[in-house]
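Presented below are the structures under discussion, each in the form of structure tokens.
What follows is a pair of complexes built around chain A, which joins chain B in one and chain C in the other.
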Partner chain A sequence: MTDLGPDSPAPRRAVLPRSSPKLVTGLALIAAIALFGVAGPLFVGEPGAINDIGLAPPGGGHLLGTTQLGQDVLAQIAYATRGSLYIGVLVGVMATVLSALFGIVGSYVGGAVDEAFSLFSNVMLVIPGLPLVIVISAFVPPEQRGAWTIAVVLAVTGWAGAARVLRAQTLTLRNREYVLAARVAGEPAWRIIVVEMLPNLLPLLASQFVFSVIAAILSEAGLSFLGLGASNSSTLGTMLYYAQNGFALQRGAWWWFVPPGLIIALFGCGLALVNFSIDEIIDPKLRTVPRRIRQRRRAPAPVERPAPDTAVSVRNLSVTYGNAVPAVKDVSLEVRRGEILGLAGESGSGKTTLAYAINRLHRPPAQVTAGSVTFHDRDGGDVDVLALPPGELRAFRWSQLSVVFQGAMNSLNPVMTIRAQLEDVLATHRPHLSRSDRRARCARSLELVGVDPARLRSYPHELSGGMRQRVMIAMAMLLDPQVMIMDEPTSALDVVVQRGILREILRLRDELGFAIVLITHDLPLLLEVSDRIAVMLGGEIVECAATEEILAGPRHAYTRRLLESFPSLTGERGAFVRSGEATGGAR
Partner chain B sequence: MRYYLRKFGFYLAALWAAVTLNFFIPRMMPGDPVSILMAKLQQRGGSVNPEARRAYELLLGTDTGEPLARQYLSYLGNMLHGDFGISVSAYPVPVSEVIATSLPWTVVLVGIATVLSVLVGTGLGMLVGWRRGTWLDALVPATTVLAAVPYFWLALVLVAVLGSALGWFPLIGGYDVDFTPGWNLDFLGSAVHHGVLPALTIVISSVGGWLLGMRNMMVSTLSEDYVLTATAKGLPNRRVMIWYAARNAALPSIAGFAISLGFVVAGSIVTEQVFSYPGIGSKLLEAVQNNDYALMQGIFLVTTVAVLGANLVVDLLYSVIDPRTRAGANA
Partner chain C sequence: MTTLDVKDLVKDFRIRDGLRGRRLRAVDRVSFTLTPGRTVALVGESGSGKSTIARIIARLERPTAGQVVMTDEGGGRVPDRDYRDQVQMVFQDPFSSLNPFHTIEHHLIRPLLLHGRARAGADARKKVAELLERVNLPARDIAHRRPHELSGGQRQRVAIARALAPGARVIVADEPVSMLDVSIRLGVLNLLARLQREENLAVLYITHDLATARHFSDDILVLYRGRVVERGPADEVILDPRHPYTRLLAAASPNPEARGRSLDIDAAAVVAAGEAPAYDHRIQS
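For the complex of A and B:
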């Protein structure tokens, strides 16, 4: 879920849909058709009036031509639209009430009621609706088959899908803090549901309502077309039924047949477009973002190797989200071979954005607006990372610079085995390796981080959080990279596991000699393990110095504040992790 | 294992619910369907033998004074044997035989059309979600129009354009009556030729739902950490798109298959009617028009069993695709 890391601005949850071309078009379509259905019949003539000019094409006295019996098509459509809308809204309301009853109430009450309601909804869901509707309608004699009967039957057979969606959402809502608080405060259940939960369920209810209106209008049209619709009512479906039985299309009378279908399609399209906007409230990720942003020319070119032991140079790098304020401002930084460089700062200070930009993992709307990133290979040769073409960028990633992401819980693909996820790194970057060599290397890498190679066959959900993070570290070392970026590698784990993993990382760094950029908000931890520390504030590096210097005399006021906020920093630095002795109070 | 047991248990419960519904609907409705049926049967010159009458009574219910529970048990027995009585509209053929000849047509047509629609819709949805922000986004609103078009309306327009006007495809029927049905090339070729337009109707009308669902899930999945990891690993784009993003994004679509299948079945009944297709949908309507209640009930049950079966297969497939269900974590 860490789209752009914690440093990205959090999307605000809106209550009303944002205005967008889709929403405006959708609302316009719905309003126009609804207006036509409501007011249209007042302005057109009698739809049943028979005339002696049958099947007249559009024009003259009949804007949309006439039917076989000479009835005015426009007048018929106006009345039929009214009929279809009536049934659609009726079913929409009834189905939404039913689904709310079974979905929300059931899952709120929980226990056996929820089990029973959920089973009932699921059974209703898998039993095919239309055959059931047809059977029921067929048993009701035509004279008793009014619009209400049809609407009730459609609602009874059509609420189950919505109930399931609502149930899932209610289940997550009922464990939110404010709902739990209200329960503890002893508010009655109906009040909690209506006051606390319903506002949060509204977008979902609205979208399900819209969906059932579309489904009802379509189903009613289908039923009427089969001659099973409401008797004595005029809907777009009955109109199509008469048009078909009058061989409208065969006689070329498209004006009789095409418009009713188009109205259904346009109305459904309008509702679906409104639903898009509602979906975007429910899931803000769905808002379209421009994918490609024209790359602005970066001023500084790649830099010469400043010192023989430099692994990465970042020069004057700026990263912006869209056209807003930069998240990273004019940052210059060097990573030396084999060192641990700590990157400290609070959430939103731009440290994750900076780390991602170094590997070009930032996603739109984030873009690099200035600066350069140069990778200095240990075998000589400098790589201008920001200018690499896609193929070379892919080859560069992981083999020279690998990343361990924050939230190790989600970094592994839940539907692939550990082996497959380790092996595809080798298959991509070392295609010449034989299958057995690949397997051997994967097993060895797990042993290196203290995970039983038998775990290769496991899926991520079968591993503990600490083990998953160890697997990620094994994966990051698989290609013997020169630099490893670790973004909060241990913050989701408990302290003991955390320390164990850090100790492992330090040991491996000593053995294999890669440099580590360690990002964390946990300053005491950085003071223990890193060689140098860079402190970020508001997208800028305010201080970058050796750890001893920072500890002895921080120059920037912010660094001082950071240090002062950890009063228990008394023991010798690094004692715990480096020697393994428990000094206590380290965190 | 628990997952499978739960699934089987659920579908048994659903089947029982459908069978029971089928028992009670005619009994709750006004009118006396048995007498209507018997009268119809006599019109057709059918002799009213007691056995046929008994089958009808059990299926549709009439006031014989027999306790409801006894009727229900005997009804269950008849259903188990597939004994739905005699079809009036196809007198004197038994209902089970009418269903047996028409079911394969529908299963093949709807089956192929659904598979095609799932593949095309999910594939396109994957691409649209992956290349978000490009011109492909325009596909999304376009498909909503298609999804909102009534099946039968689209079918008739297709017939008018591709059938009547251009003459590319036959207008009605399931095969050319010149050929005898069987495993010969002439017949199969003509069946495929006749099936194109109905299948096209179903695919066009249902593809949008798959596309939209997949696209939305793809967009959500792309912001997952494991996709970012895959990108950072330097894997080829295709591998990231298919194995990391699409594999996970497709799961909710598959889990929601039941809803989609319901719409397809509904749509194909109406579509069959338009094409006079020799499938189960046309038979259902024929039954309705002739008050052939026995055939109607039989078709409803068989359709339900087929739909339940399809859903069961998809659920079993789901457990193969998502390892978490097998552990019982998500069942």
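For the complex of A and C:
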């Protein structure tokens, strides 16, 4: 397997939730209550058996006391739990099937079917659920109001919300390339839905199922409490109904109504906890990573005075994710004033991690384990970036050392105007500026990057990708930083647009004299525009030299291979292609 | 000779513009022919309509006008039900073109069975192994894995194997290496070139990268806003571009040999360039 080189495999996509305290607690609660509901009735007596000691408190012959009629509360709860679970699962299954049918099939087929299904779901969604249930239940005569009737009523009124969620997800899945590939391969539509798409919808379906079970148990309890529940079955809701009718509260017979209420609450709580865990599979961002308050303190590295024109010096920096292999290993690097330092490397080479660590933007589990980052202010004075307290760090970022992120053009806030977002930066970092000064500075910074200041009134979606990227660069320059780190600033853009932006960046550099760390995999681009180039591989800088030197003859084999990976536009065909696979960068 | 003729292809998209719909012409009367053993490159920026053409050929999209006709060895038109046996596609993003839920084997067995290239069971598994070997992947090691356990380059090889599985004669490769790490791109392109030679495939190579387009293909069509602005043999189009837009693209590509040159590109020139009449090297030179 020769390909397992620089591009490391993507992180595993979980199918089952990770074990967490939430999940374990939730599962334990559900298991305990389900076991009680399933097995409990086998061990207790007849729940309806009438006894002559009414409203006896817990103890003696009746573990949980008795009701007004002298029935054993424990026996009643066991049967009632079984009844509630039965209805809950029944509704869960029916609602999930309905929502899957209307949500998935409609959106996959598209066109008029989708419109019709979607309209139907929306209509069902705006019908207020519980009142409708009450009306329907009231219409069905009590003698026909069995558990099934109630379950059908609850399912019919409860599926629409889930269908909308599923529809949204299906719409995105439908355009995934693996679904398109299955269509190109000639798979029939039903197979694409069942075999290709459904497994990827499972976490969502499971979550919707769990949710509808909770909703069903609660609604059923509510209905029964109102006396509109199933007539011939006993559920936790009917227990509460009888407790209410028997004035349990007024008579202080807490053992009659607290246990069923508690079971409803605990079961709902357990299902909700499980649901949180399922949600984390759907959206891994919800996983809370325990955040370290204190970074491991490194011994301050002995910094010998760097050359006077150095803006940032990085010494022996190592960054580790958790306890795994370091992403950045013992990197030393200097950024000189006003230069363009190119940082070349492929995915997984640690170039982005390094850039983030320089500005301390890395987040746990990433952790700086060794080394130092020193910022040399042009007015004299050194700043140990890794030791800055939070307040000063905030002031330092942006104003001295700013970052343009990868895909930055998509990180503008879509509901704020460009002006509001630029002024926000100024309001935070330069609070003493007057309103008119702020406006003038925002306008000027847009002019600098070649965007008409009239665009300040625009919202991000009204601008093209190239323009949004220019706005991000303007934002990074707003506070006149001494160093700018740009992580793939133009990779998502067309070459013609890319060229225009690079020209602006270079012109500004000449005018304002800041240094740029330009991170990209595009080595030819770096060779054309940067002064020095550092090549990263596996977390280490394998070669760092002036661009002319690298052009003249790269010393490291990997640099050579990177260079060979870009066939020359106008030069010889070289090792490349159509001559055979054995030569060149073939792997 | 099996050929695929694209004739006067037009695709309009309706865009919602306030209350009224507006039409956007994504593809504007594009014609070309794919023949066995030859590669045609469609070059253009985003929005030039190159991916739309790919999707129409792969029958994921219907053209507004024009047609795509496949002719078999006897000169007869390939019927629609056999079209997908003959035309397959390699997608851009190997991280999303394989279903995360299924094994690699599943991805290859399905097209084999669907197109009657193998019988279910041992025969199909043997054919899967052969396919994987053909794209230089160790079958024993790979077949039972899931996509997330493979690297980007390995996944794209699987995607190529999948396109070969139905026994296709025409492969549409939509930016097949742009999502891969640079050092493995040429390896994947070389693999495609080798398979093309061995099976005498017709390949449509879609890219925004002029350099690989030049080295990898026989003919180049340069697209701008859905229109072919320049076409001709690869070397002629790149080394001697006649249309101002092609010249602009070539000038904008990073070029280490031209260090320190002016980066200036006149924005108005882009629009003006696109308006110039199309140039065909085979007719006009």
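Convention: the second predicted complex is superposed on the first by the 550 of 587 C-alpha atoms of A that agree within 3 Å, B and C clash if a C-alpha of one lies under 4 Å from a C-alpha of the other, contacts with A are read in each partner's own complex, and residues count from 1 in each chain.
Operating definition for what follows: contacts are C-beta pairs under 8 Å (C-beta built on N, C-alpha and C of every residue); 3 or more make two chains touch, one makes a residue touch a chain.
Everything numeric in this text was worked out from a predicted model, so none of it was measured.
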item: Partner chain in contact with A:Ala387 - chain B first, chain C second, else both or neither; value: neither
item: Which superposed partner A:Leu228 touches (first chain B, second chain C, both, neither); value: first
item: Partner chain(s) touched by A:Gly268 [first = chain B, second = chain C, both, neither]; value: first
item: Chain B versus chain C as contact partner of A:Val89, first or second or both or neither; value: neither
item: Touched partner set for A:Leu506, first chain B, second chain C, both or neither; value: second
item: First (chain B), second (chain C), both or neither touched by A:Asp424; value: first
item: Partner chain(s) touched by A:Val542 [first = chain B, second = chain C, both, neither]; value: neither
item: Partner touching more residues of chain A, whether chain B or chain C; value: B
item: Chain B versus chain C as contact partner of A:Pro128, first or second or both or neither; value: first
item: Touched partner set for A:Leu240, first chain B, second chain C, both or neither; value: first
item: Touching both chain B and chain C, residues of chain A; value: 1, 3
item: Chain A to chain C touching residues, read off their complex; value: 1, 3-13, 15, 176-178, 180-187, 195-196, 199-200, 346-347, 494-496, 498-500, 502-503, 506, 521-525, 527-529, 547, 551, 561-562, 564-571, 573, 576-578, 580-581, 584-587
item: Residue ranges of chain A in contact with chain B within the complex; value: 1-3, 22, 119, 122-123, 125-132, 134-136, 138-141, 144, 161, 214-215, 218-219, 221-222, 225-228, 237, 240, 244, 249-250, 257-258, 260-261, 264-269, 271-273, 276, 279, 283, 285-286, 288-292, 359, 361, 364, 393-399, 402-403, 405, 407, 410-416, 424-425, 428-429, 459, 461-462, 472, 475
item: Chain A partner contacts - residues on chain C that touch it in the complex; value: 45-46, 58-60, 84, 88-89, 91-93, 95-102, 110-111, 114-115, 138, 141, 148-154, 157, 159, 162, 165-166, 180-187, 189-191, 193-194, 197, 208, 210-212, 214-216, 238-239, 248-250, 252-259, 261, 263-265, 267, 270
item: Partner chain A, residues of chain B touching it in the complex; value: 10-11, 13-14, 17-18, 21-22, 25-26, 29-31, 33, 131-134, 137, 140-141, 144-145, 147-154, 156-157, 159-160, 164, 216, 219-220, 223-226, 228-236, 239, 243-244, 247-248, 251, 258-259, 261-263, 265-267, 269-270, 273, 284-285, 287-289, 291, 293, 296-297, 299-300, 303-304, 307-308, 311, 321-324, 327, 329
